[in-house]
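After this come two complexes, each holding subunit A, first together with subunit B and then together with subunit C.
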Partner chain A sequence: ENADPQKTAFVLRKAWTLYSVTPLYRFRRSRLSEYARLLSAFIAAEKQKGLAVEVGVELDIKVALSSLADLRGSELDQAALLVQLSSRSRASSKNSEDKLVWSGWFCSMFGDDLSENVPENFTCLPLFLTHGAESYTSLVGSWFQKTFDCCFRRLAISPLNLSWMVAMWAGYKLERAASAVELVFSVPRLSQPLDISYAIHPEDAKALWDTVQKTPGEITQGEVDVFMDCLCAHFHRHFKIHLSAAKLVKVSTGIASAHCDGIVKILHSQHLPGVLMLLTELAISQIQ
Partner chain B sequence: HLATSLPLPSERDHLRPRIDMVVFMIDIKSKYSLKNVETSLAHVDANFFLGKVCFLVTGVGRVNACSIETNAVCKLAEAYCSPVLFCELELEGIRAATAQRLLRMLQICAGHIPGVSALSFVSLMRSSNVD
Partner chain C sequence: MDPTVAEYIRRTVLKMPKDEIKMMLQKWGFLSETQLQTLNFHQIKDNISQEVVQLCEENSADIKQAAALDIIYNHIYQNKRMWSVYQMKKSGEEVEYFDIADFKKKFKRRIRSALKNVTITFKEYEDNAIWIRVAWGTPYKKPNQYKPSYVVYHSQTPYVFISASMLKSNLPLLCQALLVASNYHDIREMELRSHSLNSLKDIVFKRYSQNFQTYTPKPLQEGNVEPENADIRIIHENGSEKERIHRLNQEIFGSGPQPKLEFAQYKLETMFKSGPKMDVLNKKEPFRCLVKFSSPHLLESLKSLAPAGMADAPLSPLLTCIPHKARNYFKIREKKESFVSP
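And now, the complex of A and B:
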């Protein structure tokens, strides 16, 4: 659990798009370099077919697959798998550096619910996070689907789950001055879309959560409801608007932020396992 | 008759026909709708809870827009001894089927079906809980 901060630094401060992935069939950790070659060839072939990603510039895409033993919850979890696509322009000199154009990683953080019920030959890495052009995501996704007979689905986050996240993250202790706790609501059924952004001082939010939470380390749905009800009641008192009738679309705290379309950004390495555990749980419930 | 909350305005009491059934609509995308229903329930006479009240949860087609736990709704319905129907109003087929179910229930509540009374709903619910 004590992950090397250098190895996990790539996760922080990037907006990751989330997917749930069904278990991979006949995936072998020992064959990573072979898989990298096959994926590289697949991408090159698709580009030949005309599914070019960047027009005008001739780019060779280099694929690297690596295992991240530190990114897992328990010994029962599979180590995370990182896929990186780099480009080197053919025109530039041999010594020029590769430029990272896309990264994606598969992970399982305390995903026992899924892995304990799965037959042999299947590897469980239910959460897939991507950063980079959508076109590369679909290329990589197609190759994995064909090769390991798995299925990718965008992981949407419901308002119910977003409120769970903001309550949990607002309650974490922060060492220094952190950014505000922000909730963004979208108001339905209007001729022009209206978004309401509600920002709360992080200390106030934590103070509120501390009065609500009864057992440290444990969170119940009831406590999350009380936390959210207090925030909505406060807003109603000032603006006479019922936020509970609007749709919660994004939550943002000093720890991490999450959007209902399934996009997260993690800012603090200290809480990375907690955030990943929650996301793994969401991915698993979407699969089952 | 459609109302956004209870109690109904008293000015029109004398013009209102007899109420045979009350359907509380809860939008799964709106926590506010659940709260509204909870406060409105207090204004319903206890006699209605003998089979003349039903909860209708709408918007269940969009799982990712859930703002309410379905568990919470089921617990509420159990507490008030009334059935819950789940539907998606945006789908014409389900909308029509749900309307037909409600109409059938209304006919029974209004006493139009000989041999079946609203009390049957209550006993039907109890037996499914035992299972």
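And now, the complex of A and C:
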């Protein structure tokens, strides 16, 4: 779990779009450079077919695949697999640097629930995170699907899971200048839609959680419910509005933020394993 | 023509939607109708703006005219800017005759006495609104035309609407100039902000429908009509509750359209009170929160919460007081059962 912070720095402070991925059939770690060439050729071919990803600019896309041994929970997990797409404009000189245009990585953080039950030729990396244009995600996803017979699905995060995240993250030890614990609710079906942002001072949110959580290191659904009920009750006391009837769409703390459309941002390397573990669990439930 | 003026005019034209350029140039009145006829409005905007600049060259436009064009654009697209509201106070009760020329002179003089490098432009509109555009420089730099402040003043009222987009450091000078020019002695910023200038005016000038108790001979308005079917066995569930909510909404919000605000913000510093059975937080210090409501039309949205079952009726006074307290920023501290907002 002691990941080299340099290797995992790319994860932090970026908004990642989440997908669940079914196990990859006949994926071989030793053939990464071959896969990179094949993917590169695939992208070039798709562009030729007219599925241009960048209009007006001639770009060569370079593909790099690498393994990240540090990004995993235990030895039972597969090492994470990072895919990076870089571009170099044909117009510029040979000396110009490649520009990273898209990254995506497959990961399993304590995903034993899934890997225990799959036959030998399958590689389990149930969580897929992307950053960059949707068109590239589509290309990369299609190639992996074709090549390894796997299936990608957007990972939505339910209000229930969002409330787990906010309760859990609010309880973590605070940094000096921690940001607020924010919950964003949406009430779409009115004549005019309404968004409500409810941001609590991090010390006060933690103080509340500390009185709710009975056993350190363990969180129960009951405790999360009490925490959320308290927040809703405080809100109702002032505004007479039932937040519980609104849709929780986003939660944000100094540790990380998560949006119901399956987008997360992680801010501290210290909590990276914990957050990834939670997301791996969500991905696995979606697959099974 | 000064090249910076040319560039400024070019960029101002580029901001305009293509099908509105001709109308705005006509309102501007600086180019003659004949000159406007020579413009080809069917080419790309880049070319249109270049042609406009060329015509301005012919007429030797200076920064005053360019600023006038900017006011026209910003008056039409006033809702792109964020407006704050300021209220002025007079010392005496005398109603003085308002002399617009005097106002302009005093305003310019006050600003220029502190800062030479400014561009000040006025435009009056039919609704008694005086629009003032001020581009600010420093003692050593010419005014930055791209970040002007806008002030809208209705001379018959103590209210000024300001859209700053400038360093806060120029605000005191602007306020002083307004006081001097309008003969008031004090000015303070209200806790009221919105993109919709007209809604801000509606609120402070009380132009929206208020919660008067009006006598209506019929007990109900539209929305709660008796069903057409004659089968009296069919009744509306919670019919009386729905009626009660509807009636309360009418009383609180009135039946006319609400002023259009986009958000309301509450800084809560009240105590956390746990429910009767909950063994939770019982601190002596306040539970600090910041709540922000946003909507394309906030007041209409809030009005629809109780009928949708999302809120109790009557809605909290913290929300319903927004128009008549003329504020959408609040700081709430504990005071027994009610709230205190400074």
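Operating definition for what follows: the second predicted complex is superposed on the first by the 287 of 288 C-alpha atoms of A that agree within 3 Å, B and C clash if a C-alpha of one lies under 4 Å from a C-alpha of the other, contacts with A are read in each partner's own complex, and residues count from 1 in each chain.
One rule holds for everything that comes next: a contact is a pair of C-beta atoms (placed from the backbone, for glycine too) under 8 Å apart; a residue touches a chain by one contact, two chains touch by 3 or more.
Note that this is a predicted model, so its numbers are computed, not measured.
Trainee: Looking at the overlay, what does A:234 touch: subunit B (first), subunit C (second), both, or neither?
Mentor: Second partner only, subunit C.
Trainee: Looking at subunit A, does subunit C or subunit B touch more of its residues?
Mentor: The partner with more contacted residues on subunit A is C.
Trainee: Once the two structures are superposed, pull the subunit A residues common to the subunit B and subunit C interfaces.
Mentor: Overlap of subunit B and subunit C footprints on subunit A: residues 242, 245.
Trainee: Please give the residue numbers of subunit B that touch subunit A in the complex, ascending.
Mentor: Within the complex, subunit B contacts subunit A at residues 29-33, 35, 63-69, 72.
Trainee: In the complex of these two chains, what residues of subunit A are touching subunit C?
Mentor: Those residues of subunit A that touch subunit C are 180, 187, 189-201, 204, 207-208, 211-212, 226, 229-230, 233-235, 237-242, 245-246.
Trainee: Within their complex, state which residues of subunit C touch subunit A.
Mentor: 266, 268, 270, 272-275, 278-283, 287-298, 300-302, 304-305, 308-312, 314-316, 318-319, 332, 339
Trainee: Would you pull the subunit A residues touching subunit B in the complex into a rising list?
Mentor: Where subunit A meets subunit B, its residues are 156-160, 163, 188, 221, 228, 232, 242, 244-245, 247-248, 260.
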